[in-house]
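One structure is given here, and the rest of the page talks about it.
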Amino acid sequence: MSAKQYISDVVNAVSSLLTGMKRTGYYFFHHKEIITEEYPDNRATLKMAERFKGEVVMPHDENNEHRCTGCTACELACPNGTIKVVTKFDITPEGKKKKAIDKLVYHLELCTLCNLCIESCPSDAIIMAQTFEHSVFNRAELTKVLNKPGSKIMEGVE
Amino acid sequence: MLPDELKNKITELLPSASFEEGANAASGWVTLNMEAGDWLAFATNLKRDPSLAFDYLFCLTCVDWKTHLTMVYNLDSTTYRHNLVVKIKLDRNKPEIESVSEIWRTAEFHEREVYEMFGVNFLNHPDLRLLILPDGWEGKNPLRKDFDDPVNMIKL
Amino acid sequence: MYRETEIVTDMGNDLVINVGPQHPATHGVLHLVITLNGETIKKVEPHLGYIHRSIEKMCESLTYRQFIYVTSRMDYLSAHINNHACALCIEKGLGLEIPPRAQAIRVLMDELTRIASHELWWGAMAMDLGAFTPFFHAFRERETITDIMEETCGARLTMNYMVPGGVMQDLHPSFQQKVKDFLVLYKRKIHEYDEMVTGNVIFQNRMKNVGYLSPEDAISYGVTGPSARGSGVKCDIRKLYPYEIYDKLQFDEVLETGGDSFARYMVRLREMNESIKIIEQLIDNIPEGDFQAKTKAVLKLPKGEFYTRVETARGELGVYIVSEGGTTPYRIKFRSPGFSNLSVLDHIARGSKLGDLVAMMGTLDLVIPDIDR
Amino acid sequence: MWSFSNIANQLHYWLNDHFSPTLTLIIEMVLAGVAVIGLFAGLGLVLVIMERKVSAWIQLRLGPNRVGPKGMLQSLADTFKLLLKEGMTPSGADKIMFNVAPFIAMIVAMLLLAPIAFAKDFQLWDLNIGVLYVSAISSVSVISILMAGWSSNNKYSLMGAMRSGAQIVSYELSAGLSVLAVIVMTGSLQVSDIIHSQADGWWIFKGHIPMFIAFVTFIIAVTAETNRAPFDLAEAESELTAGFHTEYSGMKFALFFLAEYVNVFIVCALGATLFLGGWMPFHIGNWEGFNHVMDYIPSSVWFFGKTFFLIWLIMWFRWTFPRLRIDQLLNLEWKYLLPISMVNLLLVTLMAILKWHF
């Protein structure tokens, strides 16, 4: 190795190191570039994307009515057995028997949030909610019944 | 090489080869059935022959057909870019086949995987040990169709 | 019944150390048994299976629509591309025509995933070499991509946005604008990657002439993706066996001839720019129309075998479906890139120093769930 | 201006008036010991929080900001946590050596605080071979690392310790040679003499380029000697998990941790003393007015300002550069730093003989 090359090696090495230090030094003094989100503190302003898949919920209107017919399409579509539809038979005013849901049991602890149940639902009875703080102290709390007590199916949904 | 030329060339090398129509039709790949005994010599030819030059084994796996096992070798040539699928029937009770890890080094890991998942014994494999299953594994081969594990497999 | 690992009692002058299953450099639960002579590596022996979930067995009991989501859990960094490969294979079996809009969306998402994956690789690799700062800087850009994903697909990492016949939902109305914003941000920040890491003399010394992989060995060991392209092997499936609309797009296959860790590093950095090129071509030209082809509610593949090859961020992913004509696959095999890429580690690591091992593992870009499946 | 020497002298006289000379000496020693332990703990806390803040800002983060005002009490809380944790000893370890090693690291760090002049006339022990004392004692720290690595009965620890041994021994050379450059200029090993010789300007300015080169070599060498990134091969997280202190937990780990930070402080204080004038304010030749203004800034502010500037520099290195490999580390020392500092020392000697410096 010639002396000239030796010196140029040292100079190049030092200059490459200084380039990196310039970049990190820039960020050291420019605190506006900080990207930390102070999560629990910014709950009020935190807005999730509207399509965010948090958990499966069943929307009810003001009369405590939902759109679920109990067709078990979601149960069949689910890869993990997350949804269990328990059906019962209602008597309609005309005196006919009609299938309806008793309970729609949803196991959040098994759910992979793949959206297949929502896609498969023919009457748009279930949707994805944007909640994400799911931790609970008791695992049993993750098993949810999606239809509210005393709810019934909306008029005109088949 | 076009599929028909490839078939002719292979028939030259291995007269006993029978071609399977329909399988892999969507990919347009030549599919070949052969006996386990000829495999090592034939594989060497596939790699060495300058007009074939199958130097890239991109997939090696096994299928359990309940009556027999089928080894499936998917080959590609980086010079000519033609593909070949080789299928070899094995006896399900005593599956044995020559290892091709000397020809395609990638086969070493894939064969170890097939060894533990299907129980195929690869002859002259340099290091045929359990790769994925834990040491001291007792019981059947997990990917065989009759494998049953009531503890860890949840039936839906 | 099986042969087992021999328990070595007399090691002579060798030092056998276990790197993993819990080790900072393996980014997961990979277990390498390394035989050392001083600081020099004599042998690397991978022990797998710590997170093997037997996805292939699981898929055998799931329907064609259902099993796609499971593949997100293989190579979680290119989850979208894995789903894409499965969807392609099913479509091949069904003989489905995909609407052009769906194809464009799929390719856009693929390339965004590829950039996100390479960004994370870049940060993690610099962290392996002892520079912690790049990790956070890479995440700044990656975060914008995951936000775009979240907006359109509803999830950040395991999107499950693919269905046989197209994509699950149409693009979010703000998608185009957000991607354009990302392109601006990316172009403003990409030179910092070179300033902080690529040009750094310590980094170059750590990477150059480390872990040399010859083209012949790369092919023989089945190494694919950027790791093989670093050795000059043309193996980009997007170019060789184009799927979707890749044959209509202008982009280059990135090749380096060095074969060492630095070449593999440069391939990945340059590949991000190629992905940016693809996104730029597509973002203003997304065709109008359906985002999903009409399919039956229950899919049944005809009897036969179907194989698709797709280029993920790590290399070639093969999906091999054997169908008996039912609603579930009879046998499914995933040829994951990580598994083959790992097999070459012993070959290239012999004779180098222990500190080089992290550089090699970093540039092979091993994702452990991809290896274990 | 008031100075520490007045307080110290008054205390000394007061003690002498009330107690016998022997008792006075004992009391003074105890006081000094308490001061050093307090300083040791205090410095550790301050430096840990500083490192976390520096790294956070470089990495686009906020850093600790929950405990106390702006997170300033975070390291205190961490210390309490470490105190409460169980200090485990692995069953295969050499128990005595394993438990003694962190204390050796701590004692070395404390001993090194003795000859440092924190302010004008504020020095525990102004011995006539102060610089030599520092070089000599700091070499002992490698023993604690080797002990920890060997006695842990862990291969990672052993490798970390061996690397550390090779590293510290070789980097001692160039650190010593660059210190020698200042000593050649000053002609004294006494810390107070070195500081006084810089009354008309710091050595880094007075000594032309060779002195600057000596300063740079010194900073690189001490970064390596204190096992800080990019030379943190003894710990090398991604290779050896935690290197020599893999098996340590609780307060024993905390002692290693604190000793590392105190060592950083000491080498930076030494660098500030040798090259940047210690507590000596910034003086330019014979600009009387300017020098007078500078004298109004307390000497302790000068000393700590310079020291913390150097510490910040070393932290900046750590959060920017990747780690070297072991052979590259030794190459850097034997092929680059050592020849450069040797030639440099010749130049400095020539300058000193010919009185070329200012």
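Lettered A, B, C and D in written order, each chain numbered from 1.
The rule is short, and it goes like this: a contact is a pair of C-beta atoms (placed from the backbone, for glycine too) under 8 Å apart; a residue touches a chain by one contact, two chains touch by 3 or more.
Worth saying up front: this structure is predicted, and the values here are computed from it rather than measured.
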Count the smallest number of chain-to-chain hops linking subunit A with subunit D, moving only between touching chains. 1
So, comparing each chain's Cα centre against the centre of all protein Cα atoms, which one is closest? C
Would you mind telling me which chain pair, B-C or C-D, is linked by more contacting C-beta pairs? B-C
Inter-centroid spacing, subunit C versus subunit B (mean Cα positions, whole Å): 24
Could you state the distance in Å from the CA-based centre of subunit B to that of subunit D? 63
Where the CA atoms of subunit C average out and where those of subunit D average out, how many Å apart are those spots? 45
Measuring centre to centre with CA averages, how many angstrom lie between subunit A and subunit B? 42
Got the subunit B residues that touch at least 2 other chains? 156
Mark out which residues of subunit A touch at least two other chains, giving numbers and ranges. 17, 20, 23-24, 35
Going by the touch rule set out above, which residues of subunit D reach two or more other chains? 58-61, 319-321
Where on subunit C is subunit D touching in the complex? 15, 17, 23-25, 39, 126-133, 135-137, 140, 196-197, 200, 202-203, 205-206, 353-358
Which positions of subunit C touch subunit A when the two form their complex? 62, 65-67, 69-70, 133, 140, 143, 147, 150-155, 158, 160, 163, 168-169, 172, 192, 195-197, 199-202, 297
Please output the residues of subunit A touching subunit C within their complex, sorted ascending. 12-13, 16-17, 19-20, 22-24, 35, 49, 51-53, 77-79, 112-116, 119-120, 128
Enumerate the contact residues on subunit A facing subunit D in the complex. 10, 17, 20-21, 23-25, 27-28, 31, 33-36, 38
For subunit D, which residues are in contact with subunit C within the complex? 55, 58-61, 155-156, 159, 229-230, 232-233, 236-239, 241, 319-328
